[in-house]
Structure formats: C-alpha cells, structure tokens
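What follows are several structures.
Here chain A shows up in two complexes: once beside chain B, once beside chain C.
Now for the complex of A and B:
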C-alpha cells in the first residue's frame, strides 16, 4: 500500500494520461478506506454505552456501515471514536493512543464533553474544554449522549470526507469539503467571540451565589 | 501503614537462585477493553499468577462534587445521571430523597409508586447490560447481542416517557419531570410478558454453559467478613452471604408495601455474584408486576418548577440501593439554595477495592472474570 500511495505518483507523473489514472486510483483507494473503518475501543464514560455498545449491538448494527470491527489495540485501528469526557490526566494517554495509530487515521468526537466540556464546562477543575487541543478532530457528533443514529450520521459524514479528502499525489494532506453551512449572516468568528465572552463573564462572576 | 505506589513497585529483595522466578509489574489499562472504561490496575505478577492488584484512579475524575457546590439542588440532579449512568434514575432518586428529607417535602403516593417502578425497571436494564458484557468479556459475543436486544425494548419504554435513552434526568426533588406517558402501563406489561421467557433463555444460554461455570465457580471468593470491612454493597455483598438490602432494611419509596425476596449467595465467588444478579432481575419484575396495575391518581410534581428549593442549615444524608449498591449523598447545607458541600458515597468505589482482597493468588484471566462480576462503572468510582 505504501508503494502505491507514495512511490507510484512519482514514477507515473511524466507519463501522458497519468492524471486520469491517478484520479481513478484515488477513487478506488478512498472508497475502500471509507467502507472499512476499524474503530478503536475507547470509551471513557456514558457515550461509550450508546456509541460503542448500543450502536454495535443487535438493533442498530454498525456493521451496515462497515465499522463494526472494534480493535482494542491502536496499532490495528484507523478510527478513534472518543466517547466520553476527557480529563487532564487522560489527555496525554489519549495523545499517545492517537500517535500509535497508523496513517491514515480519523477521529470522531462524540458527545458534548469532548466538543466543549458539556455539563462540566463551568467550575470543573479537571475536565478538558473540548478535545481539539489534544488531537485533530474530523467529525463532531453532538448530544449528551448522542443517539446511535446520530453516531451513524457522523460515520456517514466521515465516509464522505474520506472519499473526497485525500489524493495519492499529496498523501497526508487532507482537504475538507464543505458539509454543512452556517446560518445566513453568521460567521465562525462571531460564534467564537460569543463563546469567549461567556467564559470571561463566568471567570469574573466572583462569588458563586451571584453567578 | 500508608504505602505509596513507589514503595510497592520496588523489586523484592529475595530474588536469585537457579529456579527462582521474577516478579514483574504490568499495567492493565487505562486503555483496556475489559476494565469497562479507563480504570488502571497495576498488577504485580509472578508468571501468570497475580500477586497484588493496585487500582490507580483519576483518569475520569471530573470534579462532580466541586461542581455541585455551584449549582442548585435541582441542577445537581443532572450531574448525578453521569455518575453511574447505568442506574441514572436511582441516582436521581438519591439526590431527590436527600433534598426532600432536608427541605421537608411530603410526596404523594403516585410519585412514590412511579419512582419505584422506574427504579426497578432500570435495575433490570442495568443487569441486562451487565449480563451481555460479562459474556463478551469471557469470550462469547452472542450474550452481548441478546442482552442489548432486550435492553432496547426497555430503553424504548423509558424514551417514551422521559425523552432520553440513557441519562434520563427524570426524578427531581419534589416529584417527577413529566407525568408518565399514556402508553406506559401497557408497554411495561408487554415488556414483562416478553422478558420472562427471555430470562429463562439467558440462563439456558450462558448460565448453563460449562465453560462459563468453570470460569466463574470458586473463582474470586470474597468472604463475608472481608466484604463488610471493605464496604462492599449491593449484589457483591449479598453474594457473600450478607442479606443487606436497603430496600428491606430502611425502606424508601413503596418498598415496604410490596413483597419481594433478597437473593443471597453462599460462597461469594463470581458464580454467586452472577446468580444473585439474575435472581434480582426476577425479583424486580415481581415488584413491577405488583405495582403497575394500580398507580394511584395525583399530581406528578408538588414543587413549582421555577422555585429554587432552599434547604435549612444542617447536615443531611440520604441513601438508596442502586443496581450496584448503596449510593449515599451527604449534603452540608448553609440555608441557601446551594449546597455548601456535597459528598458522594458511591457503591463502585468500595466494590472495586474488594478486588485487592480477592485477586492475589489467581490468574490474569480470572481477573477479567472478577472485574466483570463486580460490575464496575468507572465514572462512578472517580466522580
């Protein structure tokens, strides 16, 4: 596989018509990557029940999307589903697990805790406010905990990302197609500013009885 | 004597000689499929034999007790969901019970009966998941699928009334979030009809299996005396032969009005813990059957939703029997709408520590069976 994705484009580039061939090769490789995701069994709290267990069990059956082969070892997995709160003590371990996974690797963050801190966003001295400071996240699935159906939507979104994301010409470089649009008249900066102002007011509120 | 981790990790002095074996340390977790989360066990091994188990905690410590000091009593209910998420309703009840006792809120029969029914249904649901996961931990994937098949039926019943599948946030101080759904009684009845033959199937499928029995019988014996001194509660304590069940000893809800038995083990091995939980499911169904036909009429919430409940100054303690043991809530109140301090006495913390008494002398594979039969939930240990 490494030979195809790393060396082949170098040899083929001077040959006429190679771009068509490499384009087709991209489609085949990305199609197979998208449909055989092997998640790492990594559940820290409540989300693990819904996202790892209920989604993999009889009714919801994640095998329909080709992502049911849960591996306990990071070396055999290519999808890290972070299900549950990450606290400061766990963050270095999570980073280690992520670094042990082989490329190409993908991360789905499920649940409010790993998106923003969730129910523990205020007054908790140990919870991480969002996972993206530790590992790069591809898809966020909100909910507390998200339903298995929401997780499936996350997997389908990730598959879409994989199919359009990477080419053999520039391995490791991931393009992110636009999957969802913001409401009209709203920018990312505005949302971030709003969140920041909330955090500032919380910090300055002082006595807990006033806040 | 207080010993630190460094003391214990020091190699033994008497090593050497031609046939001597070497003791070594190995980490089980925090990323391990059979520790049910992010529990780390430091194992002192001699070959395949476990000499000592040192649980190391804190990988999911979220500071719930500290957050509780900044929230009103009503707001704290939703955090109790996230402690032991498999018995979320019973955790809600523990908080509500303590606050009601402190603020002297009298409840009507309808609230008490619905709470009891919900708690027992949740106990069944929790044990269904435990049964499936026990099978999966011991190498059989089928029980996992069977357990979840039946769990989803019950999850639907909960979802119809409460709007959530896992973290329900339903029981609150002064009553219930919503009244029960009109279909609730009908669906619970059909669930009981559905699940009774399935429970017999559980026993046939997994309980009657020779391999499972060999792996559970006489493995991980917990003596009654040790269990009590370790503070173990719930099915772990009852499997050791101590018939301590809060539902009998200090009845809350309407447990004093219903007939049920407390299953008690004899040896305290993994098989007893297995059997006690299976029998508890049967008893829970018996309780629900007695209550479901005559839910009294009345209001479902006695305190207005917008009011901040004020608790008079003092120390308060309330406890309930969750699916894993006694959950105690200790509140130091200073007369305002916020608790001054909240302490949680969680069942899994003590149940986990009994592993330090059970495990020495056993094999590593037995450790997985023991962890599974203790049925630990790690966020409940770490809070």
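Now for the complex of A and C:
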C-alpha cells in the first residue's frame, strides 16, 4: 500500500491519462476499504448492547454492510466504534488503542455520552464531556442509545466518506466529522409503523409455528 | 424463613434493632456499637447462616448530618435475605469493619471509603479502590465539588 500511495503518483504524473488511472485506483481501493470495515468494538456501557450485540445479531445483521468482523485487537481493526460512557481513567487506554490501530483508521462515536457527556454532563466527577478531546471522530451517531438502524446509517455515512476520499494522492487526509442522524423527512410514526408491521408478521409466523 | 420469623429470630438475637420502612426486603437498623457482634452472629447462627454479603454501600443524608451504611446479606442455605442499616455521624465517619466475617467486605469497604470517606476500624488495607491514589475528596458525598465538575445552569 505504501508503494502505491507514496511512489506511484510521482512516477505516473508525467504520463498522459494518469489521472484517470489514479482515479480508478482510488475507486478500487476506497471500494474495498469501505466494504470491509473491521470494527474494534469498545463497548463500555449500554450503547454496546444496541450497537455491538443487537446490530451484530441476526435480526439487524451488520454483515450486510461488511462490518461484522468485530476484532478484539486494535492491530487487526480499522474502525473504532466507541459505544458507551468514557470516564477520565478510561481515556488514556482508549487513546492507546487508537494509536495501536493501523492507518487508515476511522472512529465512530455512538450515543450521547460519547458525543457530549449525555446524562452525565452536569455534576459528574469522572465522565468526559465528549470524545473529541481524546481521539478524532469521523462520524457521530446520536441516540441514547442509538438503535441499530441509526448505527447502520452511521456506517453508511462513513462508507460514503471513505468513497469520496482521494486515497492515492492524499492518503492521510481527514475529513470534517459528520453527524449521522436519520434522513430528513423520516418521522417517528413511520419507524413505529414499520416496527409494528414487523412485530405483526413475527406474531403471525409464531402462531403458525405453534399451531 | 419468612420475614416475620426472621424478624423474631433477629429480635431474640439483638433486642436493640428496629425495622426500617420503605425497603424491598426485610431491613433492620442496628446501633453502630452493636454492629460487629450482630453481624458475626448473623453469619454463625445455624438458623440464620447469612453466608453472602451481596452489597455494601452508603447513603449520604446530608441534611441529617449522617451516613447510613447498608449491608445486603443473603443465605444460600436458607434462601432468605436481609438488609442491615447502620447510621454513623457524618463529621466522624468511623464504622467497624466486617471484613473478618466476610472476606468480600474488604473491597466493598474500600469502595465505600473511596466514594464516601467512611473509615473502617480494623480494616487490613484501607486504600482507594477505583479512583486515582492522589484523588482529593470523596466524590459521592453530596457536598463534593471539584474543578472538572460542571454545575447545572439555573
């Protein structure tokens, strides 16, 4: 990878048509990176239940987006999912894990605790008010905790970010952090309606099974 | 043993106890100077046999100027559980340690010391457990303040 990103643009730039070639190379590299995000799951509290366990389990199935290979080791991961409250004593450990990850590395901050301190913002002697002082964050996923759908939207947002990047010419470039909320126009009623229809089909299939 | 029988047995063991209201299980309040003897009887008495100390914590009643120490006990043998409460003065928070009766109390008392600053007599190793060793103050006290903490705007 280092050979391609460091040496290749230098040699290819004088050649006519090279920018087209480099663009295609970008596309291929970005496509493979975006679709095989291996998350290092850093779950310290309730967000981990939604984001790591429910999203990984069969109903929501994060494998559809290529991010199901949860790694317990930072050296094999390229996406740090911080799910849960970060306290003062945890912050240096989190920073260490981030430093141990290989480039390119991305960070998703899920839940209000990581974004701003959440319910612990006042009168807390230990909770950090926001993760951005510890590690640079790419995508924020709001919620307390966010539903797996919101986490998927965060992953899709990150994939979009990665696919827009110029990997070969500007490899280490960081983009501005993004807030991944549900699309505009989506209402709570629609979500509840969808959940209700899901539950109804589940109930019917359960009835079929039983009788 | 159900709650009435348990309470009767406890009364014969220690006449100075009183029942604490508003608890999810049988809860009794013991005077602080009777705590050590009462607890070891709870562990050793055959009919009671409270062999597990589930939890130990404290409540800071700052208006009444006292700490209330809570011990939640359970018996695997008989299947009953009990809450023991002790009040100690807030300006001289000293209580007898029960770590010689239940080993687990050693860490639980360290945590209560860490958060509330309750001092335990005869504790083998009373250090901070969760916070840094050089931490100043006891953060779960109601009047605790530090530079990091943010006050809620009115």
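One rule holds for everything that comes next: the second predicted complex is superposed on the first by the 172 of 211 C-alpha atoms of A that agree within 3 Å, B and C clash if a C-alpha of one lies under 4 Å from a C-alpha of the other, contacts with A are read in each partner's own complex, and residues count from 1 in each chain.
By definition in this document, contacts are C-beta pairs under 8 Å (C-beta built on N, C-alpha and C of every residue); 3 or more make two chains touch, one makes a residue touch a chain.
Values in this document were obtained by computation on a predicted structure and should not be read as measured data.
Steric overlap between chain B and chain C is present once the structures are superposed on chain A.
In the superposition on chain A, A:97 makes contact with chain B only, not with chain C. By the touch criterion defined above, A:50 reaches chain B but does not reach chain C. Residue by residue along chain A, chain B and chain C are tallied for touches, and B comes out ahead.
Applying the stated contact rule after C-alpha superposition, one finds that A:129 touches chain C and leaves chain B untouched. When the two structures are aligned on the shared chain, A:89 is found in touch with chain B and with chain C. By the touch criterion stated above, A:145 is placed in contact with chain B alone, chain C being left untouched.
In the superposed model, A:116 makes contact with neither chain B nor chain C. The superposed model puts chain B in the path of chain C at one of 37-45, 73-81 or 91-99, which is 73-81. Residues 89, 122-126 of chain A lie in contact with chain B in one complex and with chain C in the other. Taken together, the chain B residues at the contact with chain A in this complex read 30-33, 37-38, 58-64, 66-67, 69-70, 78-79, 81-82, 85-86, 129, 132-133, 144-149, 151-152, 155, 165-167, 336, 338, 378-379. Residues of chain A touching chain C in their complex: 88-89, 121-126, 129.
Note for the complex: chain C touches chain A at residues 131-132, 139, 144, 146, 148-152.
Residues 41-46, 48-50, 53-54, 57-59, 72, 74, 84-85, 87, 89-90, 93, 97, 119-120, 122-127, 144-145, 147, 208-209, 211 of chain A touch chain B in their complex.
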